[in-house]
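Listed next: structures, encoded as structure tokens.
Same chain, two partners: chain A is paired with chain B first, then with chain C.
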Partner chain A sequence: MNLLQYSPRTHTPIAIPQTTWRIGNLATFIRKHLLQSPGMRFGDKFFLFLARLAGFSVILLLALILVYLVYASLPAIQKFGVSFLYTSTWDPVREVFGALPVIYGTLVTSFLALFIAGPIGVGIALFLNELAPKRVAIVAGFLIEMLAAIPSVVFGLWGIFVLAPFLRESFQPWMIDTLGFIPLFEGPAYGVGKFASGLILALMIIPTISSITKEIFKTIPAHQREAAIALGGTRWEVMKISVLKASRSGIFGALFLGLGRALGETMAVTMVIGNRAQIMPSLFSPAQTMASVIANEYAEATSDIHMAALAEVGLVLFGVTFLINFAARILIHRMGRSQNA
Partner chain B sequence: MKSLILLASLLASSLNAQTLINGAGATFPFPLYSKWFSEYQKQKPEVAINYQSIGSGGGIRQFSDSTIDFGATDAPMNEEQIGKLKGPAMHFPTTLGAVVISYNLPGIGNGLKLTGDVIAQIYLGTIKKWEDPKITSLNPGKKLAGDIVVTHRSDGSGTSAVFTDYLAKVSPSWKEKVGQGTAVNWPVGLGGKGNEGVAGLVKQTPGSIGYVEFIYAESNKLPYASLKNQSGNYVLPSTQSVTAAADANLKSIPEDFRVSITDASGKDSYPLSSFTYILVYKTQSDATKGKILVDFLRWAVKDGQKFCEPLHYSKLPKSLVSKIEAKIETIETKKL
Partner chain C sequence: MVDHNSELVLETKGLKAYFGDNLAVRGVDFKVHSNSVTAIIGPSGCGKSTFIRCLNRLHEEVPGARAEGSVRLKDQDIYAKDMDPVMVRRQIGMVFQKANPFPGMTIFENVVAGLKLAGIRKKSFLEETAERSLTHAALWDEVKNKLHQPATSLSGGQQQRLCIARTLAIDPPVLLMDEPTSALDPISTSKIEELILQIKKHVTIVIVTHNMQQAARVSDYTAFFLLGELVEFDETSKMFTVPKDKRTEQYVTGKFG
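On to the complex of A and B.
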């Protein structure tokens, strides 16, 4: 088993080989990495110990969650095997469970949210950092970060009582009339559904994306902008060359953090998605996400296999989030390298 | 200053003397139960009852793990669940509730007439429009038109269990295609989380139909349907018509009280009625707690019943109460 660690100098993962996880080895491991630090004063040693403990506790916590999820979902894994991932029936009465519709629902709503919130979030950051007068920037920045502090159930309520009726009565009928020939925009207009969830999620992740992106823009030295201006660049060209291009990998990082939040969001989505575990092409149709099916059914799940299936959905969500974050890491890493070259 | 110290010591002593009883389970009777616990505590200040409304499923799970002193569930436990218990347990009916069929049809108030079979066909997706002759023939003179938007609970719930139990009784094709349970594979429709979620969907979506607990329809001012019962009468949900459903079926209620009274016989019976239960182990290992539980149950099924109707719950029929009281006396508390 290898523990991934990031080398501070090169930012590349280095592997610490760990052959077996016996208690004896664990003790040596702890002694070696947590306690031993030669040639340091006590205060430094103690601080190093605390910092390392904090670092390792994250890994330990992740491992424990993973172990528990696997343990809790074992009955479902044994019964359904891989078919859990690609079948579409979710029937608690007959105890047949397939997670494909909820995986689909999670991915569609999250990427829809990213698609909407990405440009807006980056745009906000550009405006606040590059264009807006300082006072406007401070006030607007503060207000946008306030968005992040709103509880998700409030977003959900707003979604049910304001957004969904608006979508059902105005926006969706119009879209269905004009673009309804494309399966993506087929009727009927329920208001609630994937589209409403995507919009709500977009609202929720905009502050994440914009505030991180803004911080990244701030780190760009003024002389880079001055250089672009000196070359005769327009305002847009200055932003494009010296700001956006230089912080590409940072922007991607911000986007993926936003996506991570969208993938796991439960309450607001459950309230506006229509909760229907079925794969339908139209963005206006109801769907179900992994987080929402767990929130919906866990409290009243009576049979063991139903509980196990819900735990396995949690495991799959864990896996999907991990895969996406992993892909993002690789992407950002590659970008970073091409930037330096 | 002296009085303050006195007060503090009084408070401290009363806190020390308090016995805490923990319960968890069904959300449906929660408003009534919390009223009961606070009323009961007024009489018995030395007792505090803590109830977590985490859902019937969770209540049964915690009860069978013995992490709580009593459980609460809407649907009685099935054989599989009973098999997992740590010992013999008892079901005590505490009150009755109704599930009502609500709809959003402009200009139509309470009392749209529906039969179980028509509801099953709507929820199976075979009846798609309000102007379907199967609906209009039941409601001559009412203007019905447009697509039906079906709504149901997305979370597992006792409400869904009662509703699907009824549909499975009256419609063979529902029984075959969908079945009965706290969560089922709905053939059509939108899911809302919780009674408030379904009530919200129905309230906002023209042409919608949904099922909610009686009190949610009342508090959201949603209209509800009158349903055809076994005797062929159309009955509106009310605290009386629900008690009538239990009363008419007293003979068929078994010794352990585990019974479904949906689709009840009797001319005044509302067909979507059900009991809700408190679960207690027959042998109480903690004598103090056991005695309190027995005393509380005695109080709840008798004096406590007067709090039912103001909260839109239905009283237990009188003849059933005496049966339950006799059963409560069979709880065994080990001597100290």
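On to the complex of A and C.
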């Protein structure tokens, strides 16, 4: 490796030949950020090296996961090409794989969860930060964060034994009777399915959304609230114009982080989704998500192409969650900046 | 020029303000005459800001804070049991030390924010009032061509005048100003002092200031606060030339503070 021939003691930059710019850039980069630390004692240098190593290992790990996922899914990528993303037959027996049903299932359940958890999460944050007496806020805030500590398999069990029977016997028949003419609420009532998954996911992402939103509300300076109070705003109006309006992008960021969590959530969803890789309009119908199809079929996948297809589903999921989280971070970052300005 | 026949607009009797168990304002009797500028001066921590924040019932919004005593706005007791603090604040406007326009709103939206809170939606009325308030706040000429740009694009001094315009838009009989120029440069400060002298035709002003020259320049009456008590209250010209209290004299001549 040509990067090892540069000594860490060499403080002067070394010109890299233009022809080897890829490796050359990487080498300069590593030398500059990992190895070079002019004018420091050995102990500091060594510690700095360890700290940087730890920092860079995260990036390396991410890159390795990505590389492995691409490698593992190569057979599927070669066989199905782009059509993997938009065909809707998922048939392990005939070895035909199209990921659209599981992508659809993931998006529907996640956005349903976001739709339910968003208003509730933001409402909780408003209550805790703006309305509740301090002691109530501390206790309630703690309890809500506890919700995030419940293992997802426990949510799944609750979903199977409590939520799904309730939906099957009470809620869904009633909805089908009253709103069944809308395709979204068509029968039959299975109990398990997209709706149950969306509800469970909503429960799981409420703590994420409410705790991040609460932190954002906390960054709003007191003089912003006083501006609205002094103009004769009621409590609700103060919240609306000084708190909600000022933290719009931060709230979006929190919602996106919640969405990111919902997209990747596996165990609880696998237990209540119904496991059928099919696109059906009704929210009450069983489906399959990207995460649940991997969890369900990985152990039983016998053919190479089946394994590769599952790996490619993993790759797509990785890509989607990465993008969502990235967008969320940008929004939250922007929010922080506009507050400091 | 002091008009001795002008009526009383605001009057406090035995006003006390607490932060928890800590008594910050220790029973103040205070009078404000209509269409005058009353300055409140005193060293840091003397309770002058706390006092002024009791006048529009903003003090009680701080967790653990409360006020006792009476404050009368003309013929109503603003601390009466059945008085809605929201209605008090619509009659007694306030401008703060740090300019605090609403960051997500345009200049125009900021000026009419208080009117919208009061339930006024009529567009022509909002536009007229915005122009009039911005003119009174000596800002109209600078912003008339960019009313729909974000308020945060203005300079600090412009933002402070925008906040004054926003408060004037709801047409309060009384305007409280809590060190409105302490974060501003001298030019912005002098603009705001000029506009104070202009708007006192329409509104009665109580201004807290750190700056004794400012008090001398803009006010008709001055109150000197020390350790939560009102030490002396008189016409500004007398306060700065023949103060009755020894402590006032020491403060206005710069012996402490």
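Please note the rule applied: the second predicted complex is superposed on the first by the 275 of 341 C-alpha atoms of A that agree within 3 Å, B and C clash if a C-alpha of one lies under 4 Å from a C-alpha of the other, contacts with A are read in each partner's own complex, and residues count from 1 in each chain.
Definition applied: a contact is a pair of C-beta atoms (placed from the backbone, for glycine too) under 8 Å apart; a residue touches a chain by one contact, two chains touch by 3 or more.
Quick caveat: nothing in here was measured; it's all calculated off a predicted structure.
Colleague: According to the stated criteria, A:Lys245 is in contact with first (chain B), second (chain C), both, or neither; which is it?
Modeller: After superposition on chain A, A:Lys245 lies in contact with chain C alone.
Colleague: Based on the superposed arrangement, let me know which partner A:Gly159 touches: chain B (first), chain C (second), both, or neither?
Modeller: After superposition on chain A, A:Gly159 lies in contact with neither partner.
Colleague: With both complexes overlaid on chain A, does A:Lys134 touch chain B (first), chain C (second), both or neither?
Modeller: Second partner only, chain C.
Colleague: Could you say whether A:Gly191 touches chain B, chain C, both of them, or neither, answering first, second, both or neither?
Modeller: first
Colleague: Who does A:Thr234 touch here: chain B (first), chain C (second), both, or neither?
Modeller: second
Colleague: What is the contact status of A:Arg276 with respect to chain B (first) and chain C (second): first, second, both, or neither?
Modeller: first
Colleague: May I ask you to decide whether A:Thr89 touches chain B, chain C, both, or neither, giving the answer as first, second, both or neither?
Modeller: After superposition on chain A, A:Thr89 lies in contact with chain B alone.
Colleague: Would you check which partner chain A:Pro286 touches, where first means chain B only, second means chain C only, and both and neither mean what they say?
Modeller: After superposing on A, A:Pro286 lies in contact with chain B but is clear of chain C.
Colleague: Identify the residues of chain A that lie in both the chain B contact region and the chain C contact region.
Modeller: Of chain A, no residue contacts chain B in one complex and chain C in the other.
Colleague: Can you tell me which positions in chain A touch chain B when the two form their complex?
Modeller: Against chain B, the touching part of chain A is residues 89-94, 160-161, 164-165, 168, 188, 190-192, 270-271, 274-277, 286, 288, 292, 295-303, 306.
Colleague: Which of the residues in chain C come into contact with chain A in the complex?
Modeller: Answer in residue numbers: 56, 58, 61, 63, 86-87, 89-90, 93-94, 96-98, 100-105, 113-114, 117-118, 152, 163, 166-167, 170.
Colleague: For the complex, which residues does chain B have touching chain A?
Modeller: Per the stated touch rule, the residues are 54-58, 60, 78, 80-81, 147, 149, 154-158, 178-186, 189-193, 197, 200-201, 204-205.
Colleague: Under the stated contact criterion, what part of chain A meets chain C in this complex?
Modeller: It is residues 134, 223-234, 237, 241-242, 245-246, 248, 338, 341 of chain A that touch chain C.
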